[in-house]
Structures are given as structure tokens and as C-alpha cells.
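Here come two complexes built around chain A, the first alongside chain B, the second alongside chain C.
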Partner chain A sequence: MIRRVSNVVLLVVAVALCYGMQTSTPHYARLTGLIPVRGGIGETIEARSFSLKVAKIGFAHTLKLNAFGKEKVLTTGGLWAIVTAELAARDASTSVWGGIWQGPAGLRYRTSERLGVAPGAPPFSLEPGLPRKVRFVFEIPADQAANATLLVASARFSALDSEAQIKLGTVETGADGLPAGVIETFDLDQPI
Partner chain B sequence: MFGTLRGKLKAWITAGAGTIAAILVAGLLGAFGALPKPEIQHFAPDATIETGQWLIKPLRLHVGEERVYGLPVKPDEKAVILEVELTNRTAESTKDYFTAIQLAAPFADTTESPLIVLTRDQTMSPELQPGLPERMAYIWTLPKDRSLPASLSFTVNTQIYKARDNLYGTPGWYNQHPAGTVSLPLQAKGGGA
Partner chain C sequence: MQAVDTMSRSRMAEGRSGTERKWRRRALWALVVLLPAVIVETSYGSVRTFLGNNDLIARDVAWGSAAHFGGSDWQLTDLRTALGMEGLPANAVPVLADFTVTVGDPDMRNLWVGCKVFLTDASGRQWTPTATVSLRAPADVMICASAAFSGAKKGDRLKIRETFMVPKDAIATIRVAVGVGSERPYYLRFQRPES
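Then we have the complex of A and B:
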């Protein structure tokens, strides 16, 4: 009788132990995920293969760009967020696929694909010793503008590489809920 | 004598446990499979349909020729255009909407997958941003001489979220299955596009 009970107890303990180990270990996607390198606006952030320095952020209602000799005007249901930054490769040619605008609640907005293959659109190819100014263009709802984080990595899907995480900080908002500095049209053809 | 019989019985049961379990499972699966399937849901044409990743609001259904949303249509074909409002409910930009809406019977097996265009500026299948509704046009092509009924049915598909999938252990949307169907009246030619 005692032997039977002890067997049952042993089984229950083993199940509990296995379950505990399964639930307490970090998520596999997290274990093999990107390694953050944190910083703020104006700081040079050294990722494994590139360095990044965010200069400024702008918001606009429409975008204007020249694609293959045709003027394109891109409207949006939200806002365009334009992050101007300087990118440089560290010791070998590399590229940056784009970036992610992570809103205050963790929603992830990838660089807009609506720009197509216009000049200056991502992916950005980088050479060591030749820093390059680029624009990351995002399409976001107005409530995601403040307290966002910019995430930049070399490849869109990668593991165990570094990811630059730049806190973009607070954004002054007007009475209409829009960022204070929002402009009507942002011309992407103007020099950075 | 009874002792040996008991031992034999025990041996039989031990050896046959796996077989008994297999027969039981197969029987149960067969019984559950034979149960009547729940009827597929029909959505009202003006309803906002909630799938795992999307809020889908059908707006209008019409037929186009020659050029629709900047895309050429072959001379011997016509385009069936379904305009919907898509809202990304997930936490990430995504373009996982190619099979969210499919033509249902009797057109289900006769067409290729649709072309999907952002009506705002005719961008081909861009990623949609979380919480930003966009008007999208699903464009199927059919032979020009094929007659169309007064209204068409569409299957709306949904997927389920898995925090870790069985193969890679990564989060994602899997197991696509129909959420229901929706029928829309075909509008007369010449409207919009």
C-alpha cells in the first residue's frame, strides 16, 4: 500500500517538475532572438555590423516623392513618421533592411512598403568608412507617435545578431491629438 | 490451476493493453468524426467580420474590364472586384491577407489567387499597419463569356494564434479554416474603378 502511494506521489512530483521546467524556461524565440543595443536620439549606437545615429523625427500628413520621373503623393489614414539617421558599416560592407517603429504599447510598425523602389527607400546598403544619411518612413496612427522606440537590425529575420533600440521619447501633442510639429507634406526628394 | 490461469490472464492483458488502447482511440475518433458538423456561419453583407488577424468589412462588388486599379485585364477576361475595408488586429505590420477571402462555389475551383490592391494609391499588396483601416480591392479574373449570378459568395478564412509553433517554437498565425461565408450583390458595370 505504502509503496503504491509513494509511486503515485513520485509520479505527481515528476509531472509537476516537468511542467515547471517547461513553463519557466524562456521562449525559444527569445533565446535565439536579437540582442539589444540601447541608446537615445543623437547618440551613436554601435551594433555588431553597423553604427547608427538618429538625428531627428518628423511627422507629416502626406508624402511627396519622385518615382521614375513621376511625382507620387502618398496619403495615409494615420500619420507618416520620418526618422532621419546616419548609418555606417563598421568593418565590412553590409545592409540594413529597414526598421521597426515600436509604439508605446509594443505595436510594431515596419517601414512602409508603399514607397516601393523609390530612390532612398530601404534596404540601405552600407560601406565601411562611408557614412550615409537615410530616412526611415513609417505609417502610424497618431496615438503611437509618443514614447516610441526605433528598432534597427541588419536583416528582417535574423537571430543572435544585435539590434539597435533607440528611445524616441515624448512628442508634444496639440489639442487635436496630433503631434505639435506635424507638417502637411513632406518632400522625400529634398536632400537629407 | 487457478494460479496459472490468473498469471496467463495478466500476461494477456499486459501484452494486449496497447492494442486495446488503439482500438478504443480509433473507435472514439470514428464516433466524433461521424457527428454532424456545425453549420457554416453566414455573415450579413454589411457586417464587420472578425477573423483572427483582420476586421473585414465588405464594401462593394463589381465587374471591371480593360484596366482596374492600374492593372491591365486581358481582352478575353473580366475582373471581379471585391472592395473591403481591412483592419490589422495584430501587433505587427502584416500582409497575411491573400487567403483571408476566397471566391466560394461555384467559382471556388476555377480561379487563381486574386491580386490585391490598396485602392488609395494602387500599391500592390502592401503590408497593412496595426489599427489603420485600409480599403483594399481583391481582383479575380474570369473568362469574359462566363455568366455571373446576381450575387456572389465568398469564404472568409481565419487563423489561430500560437505562442510557439510545433516546428520552430516561434509565435505566429496557423491552421487556416473558414470563419463563414458572405454573399454580396453584384453592382452594375461602370461604377468607379
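Then we have the complex of A and C:
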């Protein structure tokens, strides 16, 4: 009798264990996905092939830039978020394709392609020993400005490589719901 | 009669257990061979890909001499810095590496696949050619990838130049290296010019 009961208990335990393992196993894409390296503004984050240090964030209603001798003004129904950072290759020449602005609820915005091939636009090529200052420019809705995370990896689609994740923190907002420090026009041609 | 029966049955059981023991031992020994064989078989492709994609083992080439590599003879003819360029990051120095390659096997689009010219310094850092610096080169000067598809014939002498951007502190120890798909994991590492 005891033997029979212990067998049933063992079976139940085994089933529960198997079910637990089945439901808690991360998806394959996640297992082989990017490996996060977390940090904050002003910290140097060491990813596998590059290091990154975010200096500041700015918001603007319009962007001004010079592309091939022509002045371009880019407006938006949302906001332009401009992240200034220092990037450096670690042991070998590499590049960073751009970045992702991840809003507080997880919405992801890639670096804007509206800049085209303007000088200083991504992808950023990096050489060891030669850190460079770059700007990541995003076009985001105003409600995505606060508590965002900047995600930066070498390649846009890659597996088992590291991804720098920088918490951009809270942003003071005015009565109109816009960030307090938002400016009218950001000139991308000004030196970083 | 019954006693004889029991005896023969126990002898049979003894014989069976002896054979079983023998096979069990054989199966265990087989594991010693099979397990490593399975590991080798399953990782073979990955190891081959890894070796075929990475420049791992250097073959040193003395300054001024040519080395047979990827079916052709490679000689580093010059390694110099270009000074006085504007618009570069502070601390950055453009470096030019010039090769003369005498074509042996003209099937370069296969032999030179994934051709990579790079610089290494004493601390192991690596620089690949840059697009940030663009210096005008004579019309007959190519880069490695374009030379591979140039349709050159056996005996042709190709001029190959690659441009790099390295920090000042690396200049004293940089060496030029070349890797091509057909020779990996081996790569050529050229000695610096004697000054």
C-alpha cells in the first residue's frame, strides 16, 4: 500500500516538474538573443566589441541639418530625441548600426532613417583607440520620452552578442505634457 | 529427474548471465569509442567553419620577401603614414599599406574569398580598412576585394593598397597581415619595414 502511494506521489512530482520546466523555459529566440549589459547615463558600458558612454539627452520639435550642401529641416508630429554618446571599438574595428529607443511600456523606436546619409548619421564605424562622439536621433511620441531605455548593439539582427541597455531615467514634463527642456530647433551640424 | 532439471536450468541461467555480462562490458567499452566519435561528428562542421572564417595562425614574412598565399605571391612593398590630413579625429593617423601581388592561380574569386587585410599592434588590437580616409590612388592600384574580381591572369603583377586609421600610440608597433578564405586559419603577417 505504502509502495503504491509513494509511486503515485513520485508520478505527480515528476509531472509537476516536467510541466514547470516546460512553462518556464525561455523561447529559443530569447536563449540565443542579445545579452544585455546594463548601465545608466554617464557610465561607460563595456559591450563585447565596443564601449558606450551616454553623455546627455535633448528633445526638439524640429531638426536642422546640412545634407550635401542643402539645408534640410525635419518636422515631426511627436518629438525628436537626440542622445549624445561616446562610442569606441574595443579590440578590433567594428561598427554600430544605430540604436533603439525603448519607451516606458516597451515600444521600440529605431534611429530615424529620415536623416538619410547625412554626415554623422549611423551606421557608426569604430576603430580601437579612437573613441568618437556620436548622436543617436529618434522620432518619438511625446509620451515615450520619460523612463526610456536606449538599446545599442553592433548589428541590427544578431545572436549571442552583447547589447548595451542604458536607462535614460525620468524626464521633467511641463503643463503641456512635453519634456521641460524641449527646444524648438536642434542643429545637427553643430559640433558634438 | 526434478533435481537434474533444476541443475540444467541453473547452468543455463549461469551461461546466460555470463553472456550478458560479456555484452554489458562490450557495450560500456563501445561507449568509450562512440561518445568521443559523436562529439567529433557533431562538432566537425562548426570547427571547420570556425577555422575557415578566422585568421588564427600567423605565418611571418620577412621584410622585402614574397610569400605564396592563396595561389599568388604576396609582397609588402610599403607601409607608411599619411600626414597633414584634415577632418580626422584628434590622435588619428592614416596608414597606407602597399602590396605587389604576382598572380599564380588566376582563380582569385574563389581563392581570395573573404580577403582581409588588417593591422595588428603589440597589444593585439586589430584595425580593418577604413572608409573615413579616402586618398586618391593611381588608376592601377586596387583594394584586395576588387583585385580578386579583376580578372587578372597568371603572371600579372597587381598593386594593392589598403588604407587604415589608427591611433598615434599604435604606430610604433603595427604590423600588416593578410587573410584569404582558401588559406584560413593561416594568415600572413609581414615584418615591418627596416628603417
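The working rule: the second predicted complex is superposed on the first by the 168 of 192 C-alpha atoms of A that agree within 3 Å, B and C clash if a C-alpha of one lies under 4 Å from a C-alpha of the other, contacts with A are read in each partner's own complex, and residues count from 1 in each chain.
Please note the rule applied: a residue touches a chain if its C-beta (ideal position, glycine included) is under 8 Å from a C-beta of that chain, and two chains touch if they have at least 3 such contacts.
Bear in mind the structure is a predicted one, so any value in this text is a computation, not a measurement.
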| item | value |
| --- | --- |
| Touching partner for A:I2 - first (chain B), second (chain C), both, neither | neither |
| Chain B or chain C, by number of chain A residues touched | B |
| Shared chain A surface residues [contacts with chain B and with chain C] | none |
| Partner chain C, residues of chain A touching it in the complex | 91-93, 125, 127-130, 132 |
| List of chain B residues in touch with chain A within their complex | 91-93, 118, 120-121, 123, 126-127, 129-134, 163-164, 168-171 |
| Chain C residues within the chain A interface of the complex | 89, 91-92, 118, 124-128, 130-132, 165-167, 169-170 |
| Chain A residues within the chain B interface of the complex | 27-29, 72-78, 106-110, 112-114, 116, 139-141, 144 |
